[in-house]
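As structure tokens, here come the structures.
First chain A sits with chain B, and in the next complex the same chain sits with chain C.
Up next is the complex of A and B:
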């Protein structure tokens, strides 16, 4: 046998480059086939039972009302689902902000040199994160809303500023369109950010104290006050009226219970992330801060926390996703989030599979968007190593 | 377990079944090769099964179910249960060959379906589950009660998790059309009402303006309440809860002024209220039609008819005056209508089989084992204080009417 010149050709079926591609294609083909098969099964079985598989139900009247919402019961299912989506966003956004603040405070307290503070924080974290959220929520509703809050007939009137009863907490609220207010507060936030940025540059140049928080808040207040004057918003105070309240805005008790449960529960997880992140910051950083005679607060605020939150950002982002998904548990106590609207419309004659498919797609979209935002922030804040 | 395989398939399968799982860990190469061969043979066996399944003549679980038409679906290998609904096979055959009827019900509605001290389902709906089992299988106890949450009930029916739904379900057009359910003869004609605290001062729903109404989630109740408030020009805030326990807590705490549901349910809930029934009062208005009907999955007329006639048997039984107590005295009846109804052999071996796929004596079994409509009502709903009302027989001015059995 004469030896072949050059490298022998590898046959196609043993060529690693080819095999890699073939394997990938097979996996994709199997995945696609499973999805197609499941979908085909569903469509076939549903049509055999005369269950609609299209989205035509979205135009039917919802025939139920969403608690605390002015949407008419004759509005289409589409609008009811949209209001449910907004309710999911409302409770999620507010709870995310509150849980982040509370979680950070508790996380720092976990490392406090004060024994009592440290132990209290530990008890909080261990107690809260080891209780299932659904239980926590139901118990919170039964104990706090139904147990502590008074009946409407003897509601607490807090100096005319709030009326608290187990039918909700009424607080002063603005009259007029919410969108205009949102723009106004958005402008205020931009002013805050710009002022803070400017003070930072001034501090860098002159070495003066930045006081960016103070300046920022001042800018915010000025913008909002001026806008308020120009657009002429007024507000109303809540007051008791028979078996309800008039004026202001009434925060639904189910919103209240869900907001507290989500905040307290998620904060316990965020606290552990914050604690871990602080401990992950090199010890030398704290020592360096001490060496330049920073106070305890300055050391934490300017040196440790910025580095710790950089480490903690991705896992905290995960907690945000969990919080958004957990908000669907509010259905149990009657908070009309997207899930409860979906369940109710299915109970009133909409086909289950398309409704829940739609809701799942929306949850996935929300999660992916939040995830993308966290990734952007993470890339922006990540330590650039050279 | 393998005796339903055709002969040449049986051997392979038995050899495979004989292989203990525990041996697989310590096999030498020869055993392993043999095992591989066995697996191959089993696959062949499985193939044989799907070809030869229809030739099998035994029913699993040893029931002597009537109508020995063994269903193809019942004897295929476990891996073949791909389709949720078998197009060419009626649920009737499947239930008869399985020997057990899976009834979608619940466990927390006084009078309709609750659990007694021994964990048995008792109640009006539970008894109608037994009626269907008695008619289809000849055994009222051959029923598997599956407790379903309100929002899961139609999915369970569509997916075949339950064979029929006897779960206090209102028959509406949207459910008929969109949920893939076929509704049958209503077992109870109900209507939505309002319950308030006795000391609330409300005497009529028109007094209730600017109030909060608590209801159960995922029902038609929410929509009815909203529609009624709109119709009367009243401001009602409708607050939905996941279950009646939470509604009761909210009601006791004064979060709700009214508790709205079907009047039959309200009667049941009132009877077990912690402060006693007198603490609550049900307002006189009934503001919706709620025909509570059993439902089966769409597209299976044979099964729907069988369930329907099981229900009718209780009504017809009451009309004839036949009860579980006196049914055997009708053995010598001369009334040809009753003879046909009870499936009695009249002359020679002449017996009416209307071709419903049910045993000819199904009505006898239903009434003997469970009772007629009046017995079921009196046993479960009368103790709650519910009157027959529109649920009386048509001959007494009610709505209960069975088509003739002939």
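Up next is the complex of A and C:
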């Protein structure tokens, strides 16, 4: 074709197709060379110092105790790391829920018509966003838990529901299998969903008010209560007993401080996202809600928030990821999450590189899973335009 | 009077529920204010800050070499002033600004004070806490140097120089910070640095170093070459999936394994390496967002006038892409600045947060529970810098007219 038009053949060194491949090969070669160089250095240095590079250390005894865990010192490193992983999940899940609620409330408050509420929310966001998380963590641990909370002998007893002291916070807890309870709550959630669906259909057919929230919660409560009775669960309230607490479950001070710091810090970021998302909802929506005489709460709950959530979901998902990764900071105050277990086991003689490699792989896996979930949710809720 | 009443009615007592909210949260706010004021002026024992101010600001930097830091600050002030004046001069020359715009007017002074009163107030507060005249002299000289630079700068900027001359000017501007860096570092290695200075230094170094890498990664991820895209995407996703804290721990105990002994860096350098590679991945994602926001027509127009691919990117795409995501970029930089505290925790560097913890166990202050005071001071330092950065980013965004065609 080119010959037919009479243009000369492009020489190889100016042929774009060739150049593109050459460029790619060079980039990949550099990347591979860097990795090979690093890995070669590592193998050489490790063998010179007689440090194993395989995963054999996982079977060695951990020889340290995880606070608030019954795992024995002879248990292998593998189990200790797994308990650390569970601790990471625990604090992350609880803090994600709390930060979402607090952040949403503060985000809404920032747009309140009430001057006092608006200013308070603004001060909160501007103050918290610009201070390092590590500082909140230290403050939560050293100032709030160890400074403000009383000695165990004169602990605060909050109406018999919680006992607060500098040894931790004791709250009511159930007795029995935790996994069974999770299944129970799962079944309750399914019941909630089914009831809400059913009410939606009824409302479509008859035009009655759906009240799906009320019905859904009712179904959930019934399922959980029945299951609770059948499986013979019971609960205990915490109470003060000399120099300790009995009953309920005692939340470790480090857990409490980490939870406190993660919640306070992430809530300020979520609040900004919520505010931005609410402002991004078209004005006409609020006016339409006013026009059909919805109350302020109804307007927010049924009209604005669902649409704002759709806009804010991806960035809020990012904040969840940040929170999970930030929970590694618990190592600084002695909360045995995956990071602190890794750090301790390295201190006890496990090889550093494989341990941290493993931990990083787990964190990356968690990140990928959470972002995949967020993507699925986003695809489900995203507004399909035209 | 009636306007006040309308305002009150609209903002505080719109409905009955509003009134309840106002009373409840008003009381809460008053209680918080009372507590804060009481802490600051009555119960807080601030002598620990006064005594340890030097430790908090520059750590255990040897007394003999503190003068070098002062010289650096003054020269940097001169440099900043010169640069600002130089840019203003260039703008006047190119006709984007008139000479009248750079006249010192009352409006400009009030504007400056309004923008920068918070950091200025902090500097004054810190000076009030010092017991030696050194810092006063340093700040005075720095202000004078900045003013001199700002006044001289425009003359340099307005000159019409031959290419060699322009190169020389650029070279001198670039060389000054490097020379200062060596001037300070040759006296005291990184491991002697500490306090708030270390936080600032880690942040500034990483910010400067992460930009080129971030831009390259972003371009690589948007490239049409699949293998390049793969390499960049893998890097970005791996780094973004791992917590910074774990990366810092890893670098602290294991970086020595990956490089030959001759290259094994000092602890602060390790921190800078980690911060740079970490922030570059996030920066790349932000810049990628900016690249995606540049309209296709811009690239097509650049092609139409026959720019080479490198010039299309350098002159047309990147300037718009970077401008479009200024808030996100500054947000990332603020977050980097805040994260420098992690280096203290993970690597045992003596940064501001570590100093604030350590000084409470000094002999004079042990067991008095002064951690609240020292942490408040640390929080104030971080807050002022971060808040100023975010305010300036909003202003920059407005000035560059993002979103306005």
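In this section, the second predicted complex is superposed on the first by the 354 of 386 C-alpha atoms of A that agree within 3 Å, B and C clash if a C-alpha of one lies under 4 Å from a C-alpha of the other, contacts with A are read in each partner's own complex, and residues count from 1 in each chain.
In this section, a residue touches a chain if its C-beta (ideal position, glycine included) is under 8 Å from a C-beta of that chain, and two chains touch if they have at least 3 such contacts.
Quick caveat: nothing in here was measured; it's all calculated off a predicted structure.
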| item | value |
| --- | --- |
| Touched partner set for A:352, first chain B, second chain C, both or neither | both |
| Touched partner set for A:41, first chain B, second chain C, both or neither | both |
| Partner chain in contact with A:332 - chain B first, chain C second, else both or neither | both |
| First, second, both or neither for A:210, with chain B first and chain C second | neither |
| Chain B versus chain C as contact partner of A:218, first or second or both or neither | neither |
| Contacts of A:147 with chain B and chain C, given as first, second, both or neither | both |
| Touching partner for A:227 - first (chain B), second (chain C), both, neither | neither |
| Which of chain B and chain C A:166 touches, first, second, both or neither | first |
| First, second, both or neither for A:50, with chain B first and chain C second | first |
| Overlapping contact positions on chain A, where the chain C interface meets the chain B interface | 41, 45-46, 138, 142, 147, 331-332, 343, 346, 352 |
| List of chain C residues in touch with chain A within their complex | 10-12, 14, 18, 21-22, 25-26, 28-29, 220, 224-228, 231, 237-238, 240-247, 249-250, 253-254, 256-260, 334, 338-339, 341-342, 344-345, 353, 357, 369, 371-372, 375, 378-379, 382-383, 386-387, 390 |
| For the chain B and chain A complex, residues of the former touching the latter | 82-85, 87, 150-151, 154-155, 158, 172-175, 177-180, 210-212, 217-220, 222-223, 226-227, 230, 235, 237-242, 246, 249-250, 252-255, 257, 297-299 |
| Residues of chain A touching chain B in the complex | 41, 45-46, 48-52, 57, 60, 63-65, 67-68, 73, 138, 141-142, 145-147, 151-153, 166-167, 241-244, 253-254, 331-334, 336, 340, 343-344, 346-352 |
| Parts of chain A lying in touch with chain C, wherever the complex brings them together | 20, 23-25, 27-28, 31, 38, 41-42, 45-46, 112-117, 119-120, 126-127, 129-135, 138-139, 142-143, 147, 325-326, 328-329, 331-332, 339, 342-343, 346, 352-353, 356, 359-360, 363-365, 367-368 |
